[in-house]
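Letters A, B and C name the chains as they come in the text, with residue numbers starting at 1 for each one.
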Amino acid sequence: MPRILACLLVLLPLTTQAATAQRIITLGTSITETVFALGEAQRLVGRDSTSLYPAAVFELPDVGYLRTLAAEGLLSLQPDLVIASHEAGPPQVLEQLRGAGVQVEMIDTGPTAEHALAAMQKVGELLGRADAGRELAQRNREQLAALQEQYAGQEKRPRVLFVLGGHGSQPTIGGRDTKAATMIELAGGENAATSFTSYRPGSAEALLGMQPDVILAASHGMEQVGGVDQLMKDSALALTPAGRSGRVIVMNSGLLLGMGPRMGAAATELAAQLHGKQTAENVQ
Amino acid sequence: MFVVEQAFIDRHGKRVLHVPDFVFNTGELVAVIGPNGAGKSTLLQTLSGDLVPVQGRTALNGRPLAEWNINELAQRRAVYTQSDYLTFPFTVGEVVMLGRMPHQHETTQHDVEVVRAALRVTDTTAFTERCYTELSGGERARVRLARALAQVWPNRRKQPHLQQYLLLDEPLAALDLHYQVHMLEMLKARVGPQLGVLIVMHDLGMAARYADRVALVNEGRLVADGPPDIVLTSERLSQHYRLPMQVLRHPELDYPLIAAGSASQNPPAA
Amino acid sequence: MSELALRMRQWRGLRLPRGWLMPALAVALLLSCLVAIGIGPVRLSPAEVWSVLLSPLSGGSVQDQAVVWQLRLPRLILAVLTGSTLALAGASLQGLFRNPLADPGLIGVSSGAALAAGSVIVLVGVTAPVWLLPVAAFGGGLSAAIIVARIAKVGSATSVATLLLAGVAMTAIATAGLGLLSFLADDFALRSLTFWTLGSLGRAGWRELVPALPMLILAVLVMLRMARPLNALLLGEAEARHLGVNVERLKKMLLIWSTLGVGAAVSLTGIIGFVGLLVPHLIRLITGPDHRIVMQASACGGALLMVWTDAMSRTLVAPAELPIGIITSLIGGPFFIWLLIRQRQRIVG
């Protein structure tokens, strides 16, 4: 009964409320980053534990991991708008937030460039900064288009294997439908691990079978395994073409996998490292 | 009155006991004797209702045991077993009070008095507050006996005519001689129109001295049942215990003494 | 009557239900509930909480209404009921197994529930409808317990020793299954799985709580009624039968209702460790092993423990939330070790 009443009270001004929301919680790194990129960070009152960029986010209260939220914790920050990645949950908690009169907006932050571009625009709209959001998306779209143009005609794309971290002997690698795969393709490479989806541990033989030309490693994962050299020593990666030629790229995890407003820049940087120096200069 | 008629008891599909005809009533102390593995405990479990005969009849007061309400049965007969599973730290008083379960919903003053009396007659009052699990084997045996006694303690006011029974499986096994005599004399004194006692025991001398009746079980069969003087003969005992045995009489106290010869001696031909 | 009570207390050997303990626990529980409903990351004064509670439609803001009525109240009820159920199930199974270290986990309920919930999280993932997780957890817990009970059933009797072993085997299978799932799982599912196995009261609102309420309440009431025959069962099964206890029915009832209760609790909260082990053990140290008092006091004590650990779970790392299973195990583990050491010293000294 109280919930029904609460819903009625909230539903009326719903559409106009978002644009003017002054106490916002963002759940999902790309969403948080977009709010910062749009210069609206002063309206944020909280963020989830995966939102780690830019450094100013650390001044905001952390509401915990976005899959295991607690309704009352979020409510204690008195938000009027929660912008959440579709991964946020559990669903009951989001429902409880809505029941408490908080506007909760879900954005699909799937692993494709289209998802990421649409998300930037959507965040802009929700903040009442639709133009700025469109502009941000457009800038990224242009950067990606430039890369596409440059590497589309290329006959042989380098086979890239993304290593997230995990145990040394069986590192966790990125398969199909991952942000890592998307970034590799955007940068003009070809994902070497295509036999599975999401991030999975790869055995020595599986790693050899993938024949990667380049190994792309996430920076925070490399801290876990004790650095790139240690990783190569512990796993069969050293025996792959990439290992033999020493072609290992380490990239900041947040930059590479964030797929927020820095997506275009990240893809450009990856492309530069992937295709050698002269091409990198061309891109600049 | 317990009645067993032409009962056959099976365990794991194997015939373990045949009782052609057996009656156990109030006013008597019955000793069940026999060699190891003969079926003494089986007979007791048949009477307690733990074992149901595949054929034949077991009844208490004319009603088959299986048809009795389990609580009403518990008000009429208590069972002493040799197994001792209790590991939780109950006090001796609490253990004996458990014997009152079939009679109570809430503990009454009568229950408290019964427990106290049962502790007194088993000479365990001194342990009342001690933890049951800390006692020695002999002390625990007396406490378990007190529990069985408390279960069938007469309530002269509420049920003045209730007939009750004690089924005791080797209650003397862990006791020293003093307590064996003490407990048997206490039980003997309690036997009367409203209490019957059946004891499985090994000491033939004790059986001869205290029992009103002796039932001899061997090789899964009730082979003899009657007054001690008639059942306990040198020939019968020698045959069933596979030892040369002699039944004598105590020169001064006038009760049977049973002497066993050496196992290497050949038993007299049956 | 009072003279009788006095006389019983004088004779300490009978150690009859300590008159003061139950009223004290009941009052403590009531007070704790009143205090705990005022505790949480959203700051509400007791006056505000009460104005909202007393006038459900008009008191306080929409948010205060939601916090009190939609978040804290269902959580509080869930804390009381799951705490009682877990502690009672622990006490029941400890009696059934005649082992003070038995725990609802032993008959496979928790591990079965965890395996089923894990399968939903990993194999169905985010597309699963909201109701599927609790339903699967309940079904998984129940099926595991049924299998365990079936294995232990010989003819018409249930062998307690086989039950224990079958439970251990079931737990091993479920643990392996969970291991397999965590291998198949992606990073997101893995974290959800981990959090589910650590337990939380925050996932259940009225919609989840209401269907489970009758089962939890019934489980508590039925288990409380088993106290007297459980005392007899501690003497041994045959001995309990001689005392007029229908042993097979008692075992069946204990298994069924502890399974239903724990299954319902686990389906709403995930796995919350140590409550079923710790609470009855602690109560027994105070009262002695008589189930008539142990069961009642455990029901209260379990509720009390859950109300406070949940209050801690809500506030310790606010605005985020600490899984309650971490707190119960973190408090319960060392406390239990301390109890064991104390007990050992008493036996030695």
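Keep this in mind: a contact is a pair of C-beta atoms (placed from the backbone, for glycine too) under 8 Å apart; a residue touches a chain by one contact, two chains touch by 3 or more.
Bear in mind the structure is a predicted one, so any value in this text is a computation, not a measurement.
**Student:** So which chain is farthest from subunit B, going by the mean of the CA atoms in each chain?
**Tutor:** A
**Student:** Out of every possible chain pairing, name the one holding the most C-beta contact pairs.
**Tutor:** A-C
**Student:** Find the geometric centre of each of subunit A and subunit C from their Cα atoms only, then give the gap between the two centres in Å, rounded to an integer.
**Tutor:** 40
**Student:** In whole angstrom, how far does the Cα centroid of subunit A sit from the Cα centroid of subunit B?
**Tutor:** Centre-to-centre distance between subunit A and subunit B: 80 Å.
**Student:** What whole-number Å value describes the gap between the mean CA coordinates of subunit B and subunit C?
**Tutor:** Here the centre of subunit C sits 44 Å away from the centre of subunit B.
**Student:** Mind pulling up the subunit A residues that touch subunit C in the complex?
**Tutor:** Contacts found on subunit A: 1-3, 5-6, 9-10, 46, 49, 61-65, 67-78, 86-87, 89-93, 95-96, 99-102, 164, 197-201.
**Student:** Looking at the complex, which residues from subunit C come into contact with subunit A?
**Tutor:** Residues 40-43, 56-57, 62-63, 65-67, 69-72, 126, 130, 183, 186-188, 191-192, 195, 200, 202-205, 207-208, 314, 317-321, 323 of subunit C touch subunit A in their complex.
**Student:** Using the touch definition from the top, list the residues of subunit B that touch subunit C in their complex.
**Tutor:** Residues 48, 50, 70-75, 78-79, 81, 83-95, 97-99, 101-102, 107, 109, 112, 115, 128-129, 151 of subunit B touch subunit C in their complex.
**Student:** Would you mind writing out the residues of subunit C in touch with subunit B in their complex?
**Tutor:** That would be residues 4, 7-8, 11-16, 98-100, 228, 231-232, 234-236, 238-239, 241-246, 284, 288-290 of subunit C.
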